[in-house]
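These notes open a run of structures that come right after.
Two complexes follow with subunit A in common, the first pairing it with subunit B and the second with subunit C.
== the complex of A and B ==
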């Protein structure tokens, strides 16, 4: 019998500074939980690590199935091939632009919508909020939205990537909840007494107090823009405006490699050989930017999700 | 005696009530609106956006009841009544689309809905901080990878010639299989790659709900000799249920609109039998086809949205009555 089992339960808990002892059943349960979590983490990590390894391994070794976990025959050829393929380089630049511009526009819109809707006693607030929330449940659908974008003359412009999906109502709700929790009514009253206008209060008091939620919004929108491909698929036909995701889709999923994108024809043969390799390195390139940002902002993301869930 | 007392008290109360009401109404609605004009000015831009990109398309939905042509525009095109809805319901694609859409969504729901709950319960039980931190960091990560890359990852790993998945089953003497080209495999690949991507992040909301469990409950249960699993079952799980119900309602509301982008990305000529869902069909006949049928595609889209809305309302009513938690 284990030592823990012999002690009465309250002594186990109250023993001065002694760690809480588990019963044998609890120990087994805990061991199972740790194992399950570890296995799950491995299942998440394996494909990512494999692709990383394959992207820096010798093509033939990968095709022959010699790569299982670590790189075999280290080479960076696949990454060099990426830089020789014009469409990837230019679309990478486009994606950066869409992510930055899209995040800025969307965050400004979100803050402008969320702050007034967080204020108590604003006439018409309920109706406006309902107008926002209703769009989460019902939308015009694909074709009518497309026709609107067409009528506005936005087809084949950079705006088509940024404007139609600029505002996410979910973010408005989260941001509004954040304002309601962090900006007390007394502060608003005090501002009024001191003769501060609503604009001034928003600019000088609210924004400086809201850096975490601004960061969450910027990052949500930037990652969303970086990862989105459907807007580009339906609104853009001009290849010079394509974001990275569309080019990734062509190469990774449709296996379309366009020889005209290779200015140096001597490398064409090499590209054919590297095509499979290119896929691994491309997956890495597509994965890296959001994953690089993510550990730094994980806390904020979690906080954002939690604030949202508070209100439900 | 008591009645007069309460009468007196209530009359005092109602008088006080009246006074505050008078005080409030002294600031008239017009004045309150004028006083807040700057707040309305801030709302202007978002509201314009909402009108243009959310409500204008809703108006555009009427082309589902018209024979839309570009020259006459939305209003000028002749009415077509329910023609397009009838055509859709009677088309040979109808039952296949409905079946594929519902099957895919229900499979996804049943298979992946409990996973984040389990993950959250497990993470919440782990006492070693470094372990739960790194487990969270790892399991959230795939959420930030784009759908295109996830599908690309699946395609590359399951490639019949070079993919590691086929090398693996090759070890056991099975021949290479073209997993992506197999209509029977499509749903499994879709659902389980989705679980891989979303499970960790979906657990966040449950972890948030678990932080509201007072530690005293656990302490009391320990004193009473409750095992770890029992505490998980009787203390942690009930804290999660309200959130889970709400997420379930939302899921049921979107039963006809499965992850459209991902389905589209995973489609190829070989798996269309199971991989064609309502939304991808709308896209194909509406935008991707050489002769776009705007009205027909809009009608199908509207059909789907209306059913989704009805299901959402039904699920919500049901949950309010039986689970005591609901969206509204």
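== the complex of A and C ==
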């Protein structure tokens, strides 16, 4: 403050070497923004902290409403219980597999579709693009798709989770826009002059320049796979292939079943106990992998997604 | 049934036919499902003509039965076929059942019956399962049977008429001897399971849960509190309010936290309180008066009931969030640390509002007791007794036309109605035959007992997804372990004492009817709209957003439900009711 005070007013206004004095209005605005953001952050953070605390607390203390923020009656029983259920353990492994494999396959497909569509010289580009967009608005419907999957022999295999609906047209559009913006036509020409083939150009020039968009695609697809349950529900009939979400639905949502529909009280009690025991630890298990991945991809994520959206 | 509902019916039927053809043409694995049979392709081949030679095995001598026992009997199970036969069955996935293939009961049953099952598990909630099953059916990817999939009566009828589901009725006489006995024990059973065309499209299941018949109206009060305020268990609506006022005044929960009476959104209020004004079984509020189907929610008595409940709510005797609280919130009230804070609750059983600790003889849940229905100002006092909706069930096992040897699956299902198979089927292998002198829930000689309260082990039972024959006598013949008092006995006793005596005549209950496809669609829409209007207005009247004493508000409500279509709704139900009665 004292240093700033000695400076001539002009220099202070220019801000050379000294912090700019905020006006009163700015201060108020800043305070508001920080408060709003803090509240927003709290609104997101609190449920996570609560679930984490509840998952390591005594279930009876949780259901008595004694857990507010920190764990009460610390215990890891809920996590131990998870290992008693083979279905949960194997489904977790399956989900990881589907997320990784699905993201890889889908990202490769997306890049291969988006790059040619971003180049000017592609014949029939408009028609191909229209065909892609058409599928965004119209789908074959559940039964025809089921028949196709059945006839292809994918029913009840891991492929049924990865191949059908692998490609998201939305991601193709974002990726195409990214290519159009970051890989100028002049670069292609320069490559051609030096004797680079189309594939060579894609492999040596385009891919190394596209790390952000690749990261975005991987993340989008992986999270999409991680959260999805419908394909598994429709195409899989083998417990050993189920992803985590299907099992989560059975335990967490099914247990909320209307008691009047449940003919047997002992079964009701059993479901309630099961749910109380596993609810929070399952939610934690379900959210950990995306939480682990996000920080590593985030810097690309912001950049890649912004380019796609801003200039698209 | 006539073919006049051509458009939706025909298109779906032709789609299915086409789909079946496609699958067959592709030579898919579906048709080889009944691998034991050489003529698997001829799906329509019934075994109705073949002379059955099925007999029951000899009774086990070691098992004790109380006098006058009506129910399943322990017999030696005989193999159904000499050569192993495989069937493909679709079942729900369930973490407590675990892998159906390695499940203990699966192995036991296969060893006894020589029938091998290739399991197809479907995951998710009940709604999810129905989505998947409908997709399978529409795509022609049909197993030999569905087990534990909750088809409605109307769905069974629809698919049965389309020829997709087998009529098991024709096999019962020849092949299902345990079921035959069960249907003799339960004379209403045939009427309840058959479709309007007199065919039976699923293997019936009998689970005669006595206390479930009163579940909809069960209501609890804290008997310790009643003693502390020096009153008696209330018998009338006025006494009830008096007790709640006393709870509130004495603030027995401490620090003003007392909630004299609590409710939550999953346990409707009307099924208890309205029965002090008129017989009301709850959603969809259908009753039968002298052979005429009627609804309860637009009657003047209903309005009197609304005034009564609104009065309690306005006085602060009921929790503010009674219409929004969920099970978690209710548990927070019920399990409040230190002293209990709720004086009573509307709930199907104790687990609806607190955690049940079965080991502790002084556990909190034991302080709450079910109270009888209250006598209203005009002397009305009903316990809505579920004569027809509990006991005989449909859809546990549905055999499809894909199955080449339905008579074997029928025998397989029938084997699960044998006493030991029942016990292993829902409770696992850790059962014991009761010794002479050991008593059951109803105080008579017990037949069996389990070492654990209810099974916490995984992968040992089918968790009630299969067909069983659990008669009332059977259920009440479970040994009561004096050292491990479960809630089954008090639930039974309090139902005997407090609800059974006040039950309405059976003719007043609207039975489970079957609708055809068009009716079902129309009914579903009307029902959904009526349900939301009645529930919404109920909560508004109770919380005071609408004043039940105001004629305009009440008439407005009556106009709204009439506009939605009470009349066509009742006409539909009346027609179905008449078909049900033949």
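One rule holds for everything that comes next: the second predicted complex is superposed on the first by the 252 of 312 C-alpha atoms of A that agree within 3 Å, B and C clash if a C-alpha of one lies under 4 Å from a C-alpha of the other, contacts with A are read in each partner's own complex, and residues count from 1 in each chain.
One rule holds for everything that comes next: contacts are C-beta pairs under 8 Å (C-beta built on N, C-alpha and C of every residue); 3 or more make two chains touch, one makes a residue touch a chain.
Everything numeric in this text was worked out from a predicted model, so none of it was measured.
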item: Contacts of A:190 with subunit B and subunit C, given as first, second, both or neither; value: neither
item: Which of subunit B and subunit C A:286 touches, first, second, both or neither; value: first
item: Subunit B versus subunit C as contact partner of A:238, first or second or both or neither; value: second
item: Which superposed partner A:229 touches (first subunit B, second subunit C, both, neither); value: both
item: First (subunit B), second (subunit C), both or neither touched by A:249; value: both
item: Partner chain(s) touched by A:119 [first = subunit B, second = subunit C, both, neither]; value: first
item: Subunit B versus subunit C as contact partner of A:147, first or second or both or neither; value: both
item: Which superposed partner A:49 touches (first subunit B, second subunit C, both, neither); value: neither
item: Touching partner for A:155 - first (subunit B), second (subunit C), both, neither; value: second
item: Residue contacts with subunit A in the superposition, subunit B compared against subunit C; value: B
item: Intersection of the subunit A residues that touch subunit B with those that touch subunit C; value: 63, 65, 142-143, 146-147, 229, 234, 249, 253, 276
item: Residue ranges of subunit A in contact with subunit B within the complex; value: 9-10, 13, 20, 22-23, 25-26, 29-30, 33-34, 36-38, 40-41, 43-45, 47-48, 50-51, 54, 62-63, 65, 67-68, 108-110, 112-113, 115-117, 119, 121-124, 128, 131-132, 135, 137-148, 152, 163-164, 166-167, 172, 197-199, 202, 223, 226-230, 234, 245, 248-249, 252-253, 276, 279-280, 282-283, 286-287, 290-291, 293-295, 298, 301-302, 305-306, 309-310, 312
item: Partner subunit A, residues of subunit C touching it in the complex; value: 15, 19, 22-23, 26, 28, 90, 92-96, 98-100, 120-126, 128, 131-132, 135-136, 138-139, 141, 207, 209, 211-212, 215-216, 266-267, 282-283, 326-328, 331-332, 335-337, 348-349, 351-352, 355-356, 390, 393, 454-456, 458-459, 463-464, 487-488, 491
item: Residue ranges of subunit A in contact with subunit C within the complex; value: 60-61, 63-66, 84-88, 142-143, 146-147, 150-151, 155-156, 229, 232-234, 236-240, 242, 246-247, 249-251, 253-254, 256-260, 263-270, 272-274, 276
item: Sites on subunit B touched by subunit A in the complex; value: 29, 32-33, 36, 38-43, 45-47, 49-50, 52-61, 63, 74, 119, 122-123, 125-126, 131, 134-142, 144-149, 151-153, 155-157, 159, 161-162, 164, 167, 170, 196, 200-201, 204-205, 208-209, 211, 219, 222-225, 227-229, 243, 246, 253, 260-261, 264-265, 279, 282-283, 286-287, 294, 297-298, 301-302, 304-305, 308-309, 312, 327
